[in-house]
Amino acid sequence: MTSFVRNAWYVAAWSREIDAELRRFTILGEHVVIFRRRDGGISALEDRCPHRHLPLSMGKRIGDDVQCGYHGLTFDGITGQCTRVPGQTNLPAAACVTAYEVEERHDIVWIWMGDPGRADRGAIFDMPELSDPNWAVHQGDALHLDANYLNVAENLVDPAHVSFVHPTTLGNSASENVPVHVRTDGEAIVAWRWIRDAEPVGFFKAFGGFDGNVDRWHYYYLHTPCTAVIDFGSAPTEDAIGEDERDRGVRIFALHFMTPITEGQTVDRWMHVRNTAQDDPEAAERMDVLLRKAFAEDKAILEAVEKEEARPSKRRPIRLAIDKGPLVYRKRIAQMIEMERHEDLAADPSPAFVYHD
Amino acid sequence: MTSFVRNAWYVAAWSREIDAELRRFTILGEHVVIFRRRDGGISALEDRCPHRHLPLSMGKRIGDDVQCGYHGLTFDGITGQCTRVPGQTNLPAAACVTAYEVEERHDIVWIWMGDPGRADRGAIFDMPELSDPNWAVHQGDALHLDANYLNVAENLVDPAHVSFVHPTTLGNSASENVPVHVRTDGEAIVAWRWIRDAEPVGFFKAFGGFDGNVDRWHYYYLHTPCTAVIDFGSAPTEDAIGEDERDRGVRIFALHFMTPITEGQTVDRWMHVRNTAQDDPEAAERMDVLLRKAFAEDKAILEAVEKEEARPSKRRPIRLAIDKGPLVYRKRIAQMIEMERHEDLAADPSPAFVYHD
Amino acid sequence: MTSFVRNAWYVAAWSREIDAELRRFTILGEHVVIFRRRDGGISALEDRCPHRHLPLSMGKRIGDDVQCGYHGLTFDGITGQCTRVPGQTNLPAAACVTAYEVEERHDIVWIWMGDPGRADRGAIFDMPELSDPNWAVHQGDALHLDANYLNVAENLVDPAHVSFVHPTTLGNSASENVPVHVRTDGEAIVAWRWIRDAEPVGFFKAFGGFDGNVDRWHYYYLHTPCTAVIDFGSAPTEDAIGEDERDRGVRIFALHFMTPITEGQTVDRWMHVRNTAQDDPEAAERMDVLLRKAFAEDKAILEAVEKEEARPSKRRPIRLAIDKGPLVYRKRIAQMIEMERHEDLAADPSPAFVYHD
């Protein structure tokens, strides 16, 4: 049994990663060949010929079909059905590959790896700022981590690590003892804290132009299974902004789309959305530089943790006050995986068993 | 249980690979130290001292004996029996290493890894052209593949892959849909096809000097377990040669001797025999260049297939019309391995059980 | 079950390897973070935060405490108890790491990885020459070997390998057939031999200044589990020194402190103690050069043996006359490990069971 939730939309790639070439991506442990068709649409097929198991990504395109590079079996780029077997005229129905559901939106390519009947395109993550001209949207990198996605995601609903892992960029010692609040908001888990009347951190020294102390916030929204939105910003302390007035300050959303590659590898595609310096492409570049530094700090921590977790442990794990967000997240993921292991027949209308709570 | 047939002759090396030095070879998963004795004969011993397991290939020769580099135990190069234990005068009978049967012929070194009582030197592969001055014989390389030998051998009784894997050298699209014939010929499996009245392929453009269309043939003879002879050639279409008149055309035999190294590694020693440009060493070199390109194409395919086969599969494998040769081959190998797992007592003359078929 | 004896002192490092920095060492398969405190003492803590398993060596020092680099949990450098959990005021008792017993003596750092109640500092290896101004003491290297410590240690109670593994440095063919004597001396196993009236070996040609033949001795003292003292030297044959008069010759002690890292890796920290050229630092350097060459020869042998031992064997191992020392050593280690697996209640004074032997 894997640790993966299958019935969910995952980011397969930034749009800019996909073109006419056959490219292999690994998602939830499966190899997928992805390419852009002549009409601009995107195809995603199981990357293995059912005959002798050569990756189709080593073959070539014949129009919008894909031809295997070993014996020439050819598959329809949309349905995955075999369209040609050289040397014979019949096309056995078993000669097919899985075709995955794909959706491209805001220059992001989403893929559905689970039960095709449950793929609801309305459930794909979105936020109004992505379509709002008052906000500047910028795609960052695809960061590879040698770590299970649960450890990566946990880090993104954990404000407490910022003071210690990112002391020169996203945090400083002013926040070390400030309590973390946690609540759930539908399927999202939210952890946040405000650090009032403190020196600005490195990031906002660079972008806020602040003279004196600021009120700084961190809101972490973790959407199960694999999307995190980090809303962070600062405003001058003398402005005394309320918790729901964050647009009055310098506000940044950092979005993280985590794609589990294997049990031990995750790609974190991150981007940012800002209400400051909207027309300044250099500002986006400078933010990337700072964020790359911070995310490299996370990567070093998470990969070291991953290695240690693979070693035998002589102690029971301990959980602290700051772990509330991660604990709720892991509990929800465990429930989702458990649900996927069963057929849900509870919708049967015959009242043989009535549960009252 | 391995996938290896033990009671068979395998090519251990080209003669040019063996000299007075102690050299380690790995064959059927076993380490063997091979060297040329002072009389020119070849010795092949188990490459592990029975005392503390140091490879004998790390020791040194004392005449035709081999001395272990750890404590000086010395072994007879022909029998493998211990001839000296420093520090004691008795020579325990258990202090020995296996000495393998070796046969050198046509500059090829053959080894028998199985039951010594069944090693029949008359069964070693030969063909009259190797001794015929009208044919030019040329040894190629020892190509290492990270693939099980069954996958490598299968590829050598599979004419159908040529159009797709070797489109610029050994095949072209003219043959994509030409049927493949398969028959058995004693212990050999033969797969072949003729492509009549078509443009010559790259190889015969380079060596045949053809002006117009040709009749081209591919005959694949796969001798179990690990020797393949590929007879390929072309003749002008206007010559209208018959299937048994192939010597009238430009004819090449490519010989492949596959040596299983481990379950996941195979060495393919290949050579060629030709009835054209017999006295032109440059022709042999130019053929090597073309064949190296083609075999590198096979290597890329076979190594990718090997990796995919190690991954879990959610589908039942499918078999096509073009798979007849490989299927017969795998069935025969499975039978040979099954036979080796039993003592055959059926030769018992007492008719306790009489089978009529 | 591992092959490690836990209730023993092991060399963790040379003193010169330890400073104020947090450094990771791996000993008996466990990660330990070691550093020098402000008072000059040495701390050794389990190198894993009990919270999210980040190595503490990736954190930083706060005075003599160690702060985890993920969430800031802080641990006392002497006791291992948690002294701070950012974000909460209570300090759960379970938030601790193991603090290992450490002893620094003769610029060597010893560590006790076993039952703390049995750590007897009086049992740490010592020899009077280490404190005697008539002897020159010199620390060599920390040699890493990809080999189990039992194979490394065995080599250090095995005079018979010297002629074959070190023919140009520590041995020569004169000793190939000289018998080896073995006895036990308390917990030490002693193997030795004298080669009388023979050409000096390379090492003593370089350092003894001998004109003619010498009497040469090798005494190997192997102290369980992991300390070896090799007493070797030469004296002119005409001096006719007795076995207990070795100080009259040129005498060297090579000390080897083996630290099992994992089942397949060992560090051998070696040093030498000599009664010749005491005030000549270049002599120590030249000895290092020769010894490095010899120990590299051992490393090549031991790593090859380790690889072969991991492969299947079709033979029963054989043991020779020269194996007496190694056999006694392995038997004793097996007994020590067996003893550690049980609670010893035999000291119970009630005579319910009286054993007479």
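Note that the chains take the letters A, B and C in the order they are written out, and that residue 1 is the start of every chain.
Rule of thumb we're sticking to: a contact is a pair of C-beta atoms (placed from the backbone, for glycine too) under 8 Å apart; a residue touches a chain by one contact, two chains touch by 3 or more.
Quick caveat: nothing in here was measured; it's all calculated off a predicted structure.
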item: Relative orientation of copies chain B and chain C, as a Cα rotation angle in degrees, nearest 5; value: 120
item: Shared interface numbering between chain B and chain A [over half = same, under half = different]; value: different
item: Chain A-chain B separation of Cα centroids, rounded to whole Å; value: 50
item: Residues within chain C bordering two or more other chains; value: none
item: Chain A residues touching chain B - in the complex, by the definition given at the top; value: 48, 50-55, 58, 67-72, 85-88, 92, 94-95
item: Contacting residues of chain A [partner chain C, same complex]; value: 160-161, 163-165, 176-180, 300-301, 304-305, 308-309, 311, 313, 315-318, 320-322
